[in-house]
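What follows is a set of structures for review.
Shared chain: chain A. Partners: chain B in the first complex, chain C in the second.
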Partner chain A sequence: MQLLKVEENGTAKLFFLSSAFWFVLGTLEGIIDATDMVIPDLFGGIPWLVFSRVRPMHTTTMIFGFVGSALLGASIYIIPAVSRTPLWNERVGKVSLWIWNISIAVGLITLDLGYSQGREYAEWIWPADIGILLAFGLIFLNCIQTAVRRNEKVMYVSSWYILAGLVYTWIIYFFGNAVWNPSKGAIYGLPDGILAWFYGHGVVGLFLTPLAVAISYYIVPRVARSPLYSHTLSLVGFWSILVIYTHIGTHHILQTPVPTWLKVLAISGSIAMIIPVMTVLVNLWLTMRGRLGLFHQDIGGKFVMAGLVWYILTCIQGPVQALPIVQRMTHLNNWVIAHSHMGVFGFSGTIALGGLYYILPRITGRPIYSTRLADVQYWLLLLGMAGFFGVLTAGGLVQGNSWLNGETVYRTLPMIHVYFSLRAAFGVLFVGAAFIGLYNVIRSIAGEPRQREIQTEKATGQTQ
Partner chain B sequence: MKMTPLVLILGGLIVIAPVLLMNVITPWVTGLDEPPSDIFRTRTPIEEQGRDIYVNNGCTYCHTQYIRDFDWDIGSQRISKAGDYIAEIPHLLGTERTGPDLSQEGGEHPDDWHMAHFVNPRFVRPDSVMPSWEFLGKERLLALIAYKQSLGFKQADGRVERQKYWKAEAIGAFEAGPDKNVEWLHGHVPEPWTKLPDPYMTSVPGLERGHRVYQSFCIGCHGPIGDGMGPAQPFLYPPPLNFTILQNRGISGGILYYQIMNGITGTAMPYFKKDLESEKIWDVGNYIAVTFIGESDAGQPTRGIAVSYEPVEGPK
Partner chain C sequence: MIYYSGWLYLVAISLIVSILAFFWGVKTGQFSDQDRARYFALGQDLLSEPVETASRRKQRVHNGALLGIIMLGLIVLATALALSIHRQ
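And then the complex of A and B:
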């Protein structure tokens, strides 16, 4: 069967292609939502373009479709690579790929038709949840079987993060979506809020983060042509993220009447997140010390480097905004939206793209179609993300200040109109970048590289 | 430390077991013992149906359902308690306030205001960015309205009853003709206000400011020329007031101020005292008085000591 064809690294390749496709869809959903906030009557009440139906489509397309697919693709390549053995079973890989993509499609289409379970990032209906769990299970099976059959004595740190990330994501997804309750996908009362945010933060912290860190650990030493700085730091970073990141979801609902002991746990855990983040970053940055030029030359390395910068910014901001005194100003407004875009897109999304551009040529055996286009995409995304973060943070501060000083929500809408407009403008850069990316990935997989670029690269001595 | 698949998986499971116990199992189990709060009641079937529509269409992305101790907007008369939430499945706490909090929304407005608002939010709230929900159809909108009127449970029920009582009164007054209607309207303004003239002077900048406030708050119902024929009018009964009928019927700046500040419960006229501070209310009141009624008492010499920024007339 063509769809399940067995070829070396075919699963990883198609995961990358899926990611590029979902990226386009996700940014289109984003720009629809951004436009809805600026000109609410533009789409004239078309049900499937309504803001609040498209918004969960946008978040889940980005988390699972775009970033998730690329991270999984990279993982399925990295595990065999660091184990020095082929993937255990490419056919199982292909099956997991199609279950994954079909589940995402089912989740998105039903959301658009008005079927939602209503909890952030857990909106998809039960059948989609089961499909996602099945896909995660199959991918884990594939990875663990490969790791057990490894021809390399030492298990490299990337594979720790991938394997643990897959196990944790499965558990968090299972509990967070309350899959034992198919019709509601939830439990009763405030505990549901606690559970939903245990999941909502966990899906970022234990799916996207470990896999993105795994890619960084794989790519940084290779691009830097230098061994990893410290094994001990890797161990500290790995185990501390598992202990700490799992505890902090309640910081999303600190201002609700949830039990105080849980808030204390969430706030102290959020501050402690500095430990796993800094150990990873120190480890990676000391690995690349004095070799930044090499990252400038490698398009994949460049994306990973940018992602790591977004990572440290996100993870300095995160602990600070988990403090109750800060939340009085920042919670419930666009400050948080700026933060979440920096985390999911800036950090894990950019690293996912880095993984894609670094690994795809190694799968196809030829350079990517155009490094120039990838470079354009890089700058569009960097500019878009920075601008996006700036305007949303500014708009959020306007909202937060106004509310604290007694303005009503309705009064703040004209105040943030300009920020919403600018957000939509920066969103156009994302859409453009996503289309460029899809084109580049399709041409890289399907065809030969552009002759002129190869010649230039040969002339300047740069090869992929 | 030597990392093997076994160490990884077993270690990972050992780490997550206590996490699940602390963050999921314990709150879940202890949460079941939460006693209902003083306002709690169960929802009726149509309210549950409305809640499903709310969940399925993602209303929670812009509307929270909890009040914090430093909130000022609607609902802030009561800070949320854990016992308010025992029947919520899924939870609808929310994480953003692009629109106002809805935990005490029930009875804030009468049903007809909600219908106009759902068909197009800008009919009654011109600056709103909420989508139009007309496509849901009347039946589902009625369920959604029933759910909104239940938010706040027993306290909401009291407010809804009050809306219904005063709606009947207001309809009676409206149907009795303009004379009786204006008499009824003025009759419910406390005495000091009925005699109170607008303490500000009429000025071009003041009228401009009043115009701007009018466009953000009033135009949807009362219309651009103040005849009560704004886009929300077909949905509302009693219909929005035609300001011209106030002429020669004893209007004062104080009456306008009081009605804008407190609204007329039972009708679609909301209170604006949370949205607008004092000067803005006087400004829009005077804009209406000058532009639509043709009768303004602004700046009469009955005031106290003149405010420092006002133009100086004479030695004082």
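And then the complex of A and C:
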């Protein structure tokens, strides 16, 4: 059967293609939402374009469809590579790929038809949840079987992160979506709020972060042509993130009557997150030190480097904004939207793209179709993300300050209209970049690299 | 406290999984020979790939852009902190 065709690294390749496709859809949904915020009457109440449906479609498409698919594709390539053994079963990989994509499609279509479980990032209906859990289970099975058959006694840190990320994601997805309660996908009262944010924060911290860090630990030494600075330090970071990250999600609901001990646990855990983050950043920085020129030249390395810069900011901002004194100014306004975009797109998404552009040529055995197009995509995304972050953060501070002045919500809306307009403008850059990426990935998988670029590269090589 | 028992079970499961994995790691020697593990990302295939460095101009532009982003992030964070303390 063609859909389940067994070919070396075929699963990883199709996960990358899926990611590029979902990226286009996710950014289109995002631009619809952004436009809706500027001109609320534009779509005239067309049911399948209303904000309340498109917004969860946008977040879940980006998290699972775009970033998730690319991270999973890279993980399925990296585990065999560092284990010095082929993937355990390509056919199982393909099955997991199709279940994954079909589940995402089911989740999105039903959301657009108005079927939602109404909890952030967990809106998909029960059948889609079961599909996602099944896909995660199969991917874990494939990865663990590959790791078991490894030809090295010691597992590389990337394998630790990938395997743990898959186990934890399965656990948080199962509990966070309350799949034992198919009709609601929720429990009750405040415990549901705690559970929802255990999940909501965990999706970023226990799914996207471990896989993105795993990719960085694989790509940075390779682009730098240098061994990892310290494998011991990387494992210290790994074990500390496992212990600390699981219980900090309550910092999202500090304003609710959650018991104080739980708030203290969440806030202190959030601040302690500086430890695992610094182990990653220091280790990778010391690995790439003195070799930055190689990263600027390699398109995959360049994306990973930019992703790590966003990681620094995300992880400095996160602990600080977990403090109640800061949350009075920043919570429930556009500051948080800026932060979440920085975490999901700036950090994880950019590193996922780095993984895609670094690994895809090694799967196809030929350069990507156009490094120039990939470079244009890179700069569009860097500029778009920086502008998006700056604008939304500023708008959030305006909102927070006004609310503390006693202004009502509707009176602050005219004040932030200009920020919403600028947000939509920067969003256009994302949409353009996503289309460029999809075109480049399709051509890279399907055909030969661009002739003109090859000729230019040859000419440059001859003159050097 | 019983009200939150479901959540506590969840954290407990997470920690138990971590502890089990840790002891498995100790038992199977996963924390030995760490120096060799540093090289696992590098492979023979890299030897056949050309080493290319970006031009100094390209490096300056890219470094400048990334530094600019870090500065932007730190400035907005400092602003939020200042406003928060001022409005306390």
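Just so it is clear, the second predicted complex is superposed on the first by the 457 of 464 C-alpha atoms of A that agree within 3 Å, B and C clash if a C-alpha of one lies under 4 Å from a C-alpha of the other, contacts with A are read in each partner's own complex, and residues count from 1 in each chain.
Everything below uses one rule, namely that a contact is a pair of C-beta atoms (placed from the backbone, for glycine too) under 8 Å apart; a residue touches a chain by one contact, two chains touch by 3 or more.
From a predicted model like this one, the values you see are computed outputs, not experimental measurements.
With chain A as the common reference, the superposed partners chain B and chain C clash.
Residue contacts after overlaying the shared chain place A:Ser52 against chain B, while chain C stays out of touching range.
In the superposed model, A:Ser268 lies in contact with neither chain B nor chain C.
In the superposition on chain A, no contact is made by A:Thr85 with either chain B or chain C. When the two complexes are overlaid on their common chain A, residue A:Asp36 makes contact with chain B while staying clear of chain C. Shared-chain residue A:Ser116: touches chain B; no touch with chain C. Once the two complexes are overlaid on the shared chain, A:Thr364 sits clear of chain B and of chain C alike. By the touch criterion defined above, A:Ser421 lies against neither chain B nor chain C after alignment on the C-alpha atoms of chain A.
When the two complexes are overlaid on their common chain A, residue A:Val148 makes contact with chain B while staying clear of chain C. Note: residues 154-155, 157, 164, 167-168, 171, 175, 187, 190-191, 194-195, 198, 235, 239, 242-243, 246-247, 259, 262, 328, 404 of chain A belong to the chain B contact set and to the chain C contact set alike, using the contact criterion stated above.
Contacts from chain B toward chain A in the complex involve residues 1, 3-5, 8-9, 11-13, 15-16, 19-20, 22-24, 27-28, 30-32, 34, 55-62, 64, 66, 68, 70-74, 80-82, 84-101, 120-122, 125, 127-135, 216, 274-275.
Considering their complex, residues 36-38, 40-41, 44-47, 50-53, 55-56, 114-120, 123, 144, 147-148, 154-155, 157, 160, 163-164, 167-168, 171, 175, 184-196, 198, 235, 239, 242-243, 246-247, 249-250, 252-253, 255-259, 262, 265, 328, 332-334, 336-337, 399, 403-404, 406-411, 413-414, 420 of chain A touch chain B. The touching residues of chain A, counted against chain C in their complex, run 81-82, 152-158, 164, 167-168, 171, 175, 187, 190-191, 194-195, 198, 217-222, 225, 227-232, 235, 239, 242-243, 246-247, 259, 262, 292-294, 296-298, 302, 305-306, 309-310, 312-313, 316-317, 320-321, 325-326, 328-330, 335, 362, 382, 386, 389-390, 393-394, 397, 400-401, 404.
Contact residues of chain C toward chain A in the complex are 3-4, 6-7, 10-11, 13-15, 17-18, 21-22, 28-43, 45-46, 51-54, 58-59, 62-63, 65-66, 68-70, 72-74, 76-77, 79-81, 83-85, 87-88.
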